[in-house]
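Dropping the structure in here first, questions after.
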Amino acid sequence: MLSFECDYNNGAHPKILKRLLETNEEPLSGYGADPYCAMAKKKIQACCENTEAEVHFLTGGTQTNQVVIDALLTKYQGVLAAETGHVSLHEAGAIEFTGHKVITLPQREGKLAAETVKQYLEDFYGDESHEHMVFPGMVYISHPTEYGTLYSRKELEELSAVCREYGIHFYMDGARLGYGLMSKGTDVTLPDIARLLDVFYIGGTKVGALCGEAVVFTRRNTPKHFLTTVKQHGALLAKGRLLGVQFDTLFTDYLYRDISQNAIEMAEVLKKIFREKGYRFFVDSLTNQLFIVLDNERLERLKSQVKFSFWEKLDEEHTVVRFATSWATAMEEIEALEKLL
Amino acid sequence: MLSFECDYNNGAHPKILKRLLETNEEPLSGYGADPYCAMAKKKIQACCENTEAEVHFLTGGTQTNQVVIDALLTKYQGVLAAETGHVSLHEAGAIEFTGHKVITLPQREGKLAAETVKQYLEDFYGDESHEHMVFPGMVYISHPTEYGTLYSRKELEELSAVCREYGIHFYMDGARLGYGLMSKGTDVTLPDIARLLDVFYIGGTKVGALCGEAVVFTRRNTPKHFLTTVKQHGALLAKGRLLGVQFDTLFTDYLYRDISQNAIEMAEVLKKIFREKGYRFFVDSLTNQLFIVLDNERLERLKSQVKFSFWEKLDEEHTVVRFATSWATAMEEIEALEKLL
Amino acid sequence: MLSFECDYNNGAHPKILKRLLETNEEPLSGYGADPYCAMAKKKIQACCENTEAEVHFLTGGTQTNQVVIDALLTKYQGVLAAETGHVSLHEAGAIEFTGHKVITLPQREGKLAAETVKQYLEDFYGDESHEHMVFPGMVYISHPTEYGTLYSRKELEELSAVCREYGIHFYMDGARLGYGLMSKGTDVTLPDIARLLDVFYIGGTKVGALCGEAVVFTRRNTPKHFLTTVKQHGALLAKGRLLGVQFDTLFTDYLYRDISQNAIEMAEVLKKIFREKGYRFFVDSLTNQLFIVLDNERLERLKSQVKFSFWEKLDEEHTVVRFATSWATAMEEIEALEKLL
Amino acid sequence: MLSFECDYNNGAHPKILKRLLETNEEPLSGYGADPYCAMAKKKIQACCENTEAEVHFLTGGTQTNQVVIDALLTKYQGVLAAETGHVSLHEAGAIEFTGHKVITLPQREGKLAAETVKQYLEDFYGDESHEHMVFPGMVYISHPTEYGTLYSRKELEELSAVCREYGIHFYMDGARLGYGLMSKGTDVTLPDIARLLDVFYIGGTKVGALCGEAVVFTRRNTPKHFLTTVKQHGALLAKGRLLGVQFDTLFTDYLYRDISQNAIEMAEVLKKIFREKGYRFFVDSLTNQLFIVLDNERLERLKSQVKFSFWEKLDEEHTVVRFATSWATAMEEIEALEKLL
């Protein structure tokens, strides 16, 4: 059956598997101390155009959020996030598991405004009883957001400025970063991100890898004994080569860029089809996730022919669903979907 | 200076200190295994008119919330609370510290509606991805709420019914329970609470004790090895007699009832004064906390003559402040305040 | 350079990579809900000869220990382990990170005796103040142990009997289980383990996989909402296929057995060489890890020609080192090493 | 019945209760911001002869250990303690509850030798795989120890030197500090402790108070936002006056010194009696706890006439028991006990 369910339903990009095969026989040191990890780190650092950037590899998105947030926050601090943020809703309490509160703030189309953050921080420090509250120690954003929307460079600059004013960390969850960078509607580059954020991750799992996320600390600010912290969280992969080889491949010959672009192009075609056929968009996504409002009858009909994600009930008769393209989506699949719509 | 700052600015009721003196020389076993704890437990159980009620003593409110919630929740569960709830805002993340998320829900005048809770639970179990979310394992309410408001018996019955339908715990933070029970606007009795809630606590710190809260598990549902859990949280008092003697005194000859009544009566008089003088109420409190809207000029003037609590900024020109009466408030203080207003 | 450093220096068994390639194009559901996970689980269950066995896949060893122990223990419980156990020493406090104490007991050659455990439990419950102590809730053993030694079936039966008598979980860390099962010196089979233990894991990372461990709950005792617990620990792999395909391959056509046997055979040859050349063994390992006592001069000489692991300083002049064979070790490597010795 | 069970079986020193009564009517700010806390802090600081000393009050011993250790340790650090230390054994895992491992070291008569600590630290940093282990971040000692023994000034200096060499915190659990300071066998003064330790606490609960411990950070090293950390642990007392008044009283007119001296003098008399009657000492305690070896027959006989503590089984026929004197022990009690022996 045709599937637009999500962007991690396929395996890995063939070049990654090829490279795993080629390097398979080499005996390599574990825990990330292998040459592939080293090469991948250098290539990512170069793409960031930031000589202070330090790169580390982890296995999955929730794990990365948990480890990075816990490693950077002081024990009495929490993290500010949009109420729709992945850490707020869909990580089974992985952040609270480490003792930190996710302090949720109102959002618009999945985005957190600098003004909202600033107001919260002002009110917090203005409140006489704030010592009885969780100190805000970080701002978490996802880019693209959970709704496929993107921050503009100006918005990131404003958020960055607020964070620096208050001395708190600014962190970006880039599970789908590739799709954000290749969006036709963005003015944000990887060097921008490496300049404006204190830490972010470049998602592999949803962009062509079997697993793996590359965390970038942008100002030589890797927390002390980070490897130990990773181990303590049960997140240290013995065969670090699995992550090193994958990211080395993704950052060789622009592979990460090119496969991200495929997802965007397929999404653009699909968007046009939806629009022409009169479908209603729930939000104007600029990336590889399209949120469509379906009446329930059509929903039932489509469900038997193509896989997509249920997002939320809009009202008694309408439902929001998500169609996701990915690095692996082929034009034939789009055409097949077009016929069904 | 005159003080209506809060209800824990005074020491203890004199009868409590007298009793501590009288029993001081007796060598008693520690950790709650003394006869005063035993007597106090029996008296509280009797007042609850519930033979299945089991009583335990802890030292403070946040500690009690932390220990009770952590002891009852399974590791992957969180607690549902009003966004204005004490556990949501003013406990420095003490709940998240134990690994549990506080899932905040919209409130009205500090209260959580059964309908709101039911809708959340329905949506949660209706969401296909709920296994990636924190399971709701308890409903937390405060009674009186942080705004001095009260649940009606019907509202508690409805909340209780929802909790039982979904098999989750129903817990009441009764830091100011005495004031709630003696309010003229309530139809809720202690036996009602002991029937409808799974667990609640009777606040001592804010109602005449030096420290101490009495936790009541209402259906022989004290968690296994609760003493060990209390110890693990650093919450086990060596000289349990300090808590036993205080609660034994409070529950002898209706002392808890009578001193709570004093706070209510003083609040009623004060309310009348505020009303007659044309002050604006922010919320219609039924208990010992009155929330008044002051213009900033008057705020500044009053501040130099009487202590009260800043609550929140209403707009550029107005501020919400709180005046609290207590078990110790004397009519002379009210009269002195009247002159200032 | 020749490497006997450890058993996870090679990539994956070629059949695994081949299978990943073959299945790569299939769109599959995430989080373990794919047919390869399902097939692998069935095959493992069949090998366990236990219809009550439930199988789950995780990514690494420390992660597995952390998730399993935390999922099974009540909050006030700790885990009993040999003072040399992996959870006691080399997991950066991953168990304590989840709030649980590792209660260490004396060992012999890395093994915990039933008598030692029984004595501890008797003393614990005999101690009047045990409610002020961490309750023992599980016995953790590694098999093979950190010293390459093995429990006999009788020893496992005795430990199992003690655990059942006291109603605590019996858990085996099988990071190198394949090597244990194929040892010439063992009378323990996989069905024995699935009968005597409450939970154990079959290590993939050190036995031919790129990553992955298969947890087996042996009496339909998977903790409720285990997937949520895994997610909460940041341990849920989005592309569960990576684990499913690997374990499906390992448990097809006896691959797991055969490659484990290779490590054992190579270790036997190497052991003979060491013995013939008069090397001193620190412990009589029955599996793929050989612990050799070297004088420091020879240590320095060898270090420049072959990779092995430093284990511990024995005295001023001698050091214990470890040579590990693996599923990938070839006879040529053994021969090359022989020349060096 | 005569009781030598422990040193917290009595209420409070009468002067403390008197002072609580005298100050009871004053309305005071909560959470430690009252003048009695301020006065008590100044007096304690003066006794420490250390102008950099900062004092904070907590309610109980385990709570204090938990809060102080958690507040000072980095997340990936653990605390080194004697295997007989209170934090190692009798706090129900309160330290692990906050995510930190208690790394236990061998002891002699309850004491940790500087040499033992130094060796551990050297081995730790000498171990290539130490990044996979818990980093030692603090040395915890109790003084007097759990066996009533005392460190000499020289021993404290040596431990302090090791801690500074390795840049880790040196912390003393002074639950019974008064008895240690007044021991006839000590050369350690409070200023010595305030000079050599980074943090310690002066026990109130076991030395005349109803509850309360005074934590002293000796080099202006109170952790940032310590009040918030205390609140987060559920350890912030609303009516801080309860602690302030008690410690202010204990540190007025040498009360703490004098009542501690009473316990020591009573213990000396009792020790002489035991010795004269030919009782065997398990350890040579210098403070208020005497550890006596009883044959089981005599144990049974005594048990029915006087309360004391079971300590440990020595062999089949002998048991170690503890007799504790306290600030409240009267000569009549000693004489009554003498008759029974």
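Points to keep in mind about this one:
By written order: A, B, C and D. Residues from 1 in each chain.
To be clear about the criterion, a contact is a pair of C-beta atoms (placed from the backbone, for glycine too) under 8 Å apart; a residue touches a chain by one contact, two chains touch by 3 or more.
The structure displayed is predicted, hence computed values, not measured ones.
If you compare B-C with C-D, the chain pair joined by more contacting C-beta pairs is C-D. Of all the chains, the one whose CA centre sits at the greatest distance from that of chain A is D.
Note on chain placement: the centre of chain B and the centre of chain D lie 33 Å apart, centres being C-alpha means.
Here the CA centre of chain C is 42 Å from the CA centre of chain D. Centroids built from CA atoms put chain C at 50 Å from chain B. Shared contact sites, meaning residues of chain D that touch two or more other chains, fall at 76, 91-93, 97, 99, 131-133, 228-229, 231-232.
Only residues 70-71, 74-76, 99, 131-133, 135, 224-225, 227-229, 231-232 of chain A touch chain D when the two sit together in their complex. Those residues of chain C that touch chain A in the complex are listed here as 3, 5-6, 8-12, 14, 17, 20-21, 23-30, 59-67, 91-94, 97, 205-206, 210-211, 228-229, 231-239, 241-242, 307. Of all the residues in chain A, the ones that touch chain B in their complex are 76, 78, 89-93, 96-102, 104, 128-129, 131-134, 310.
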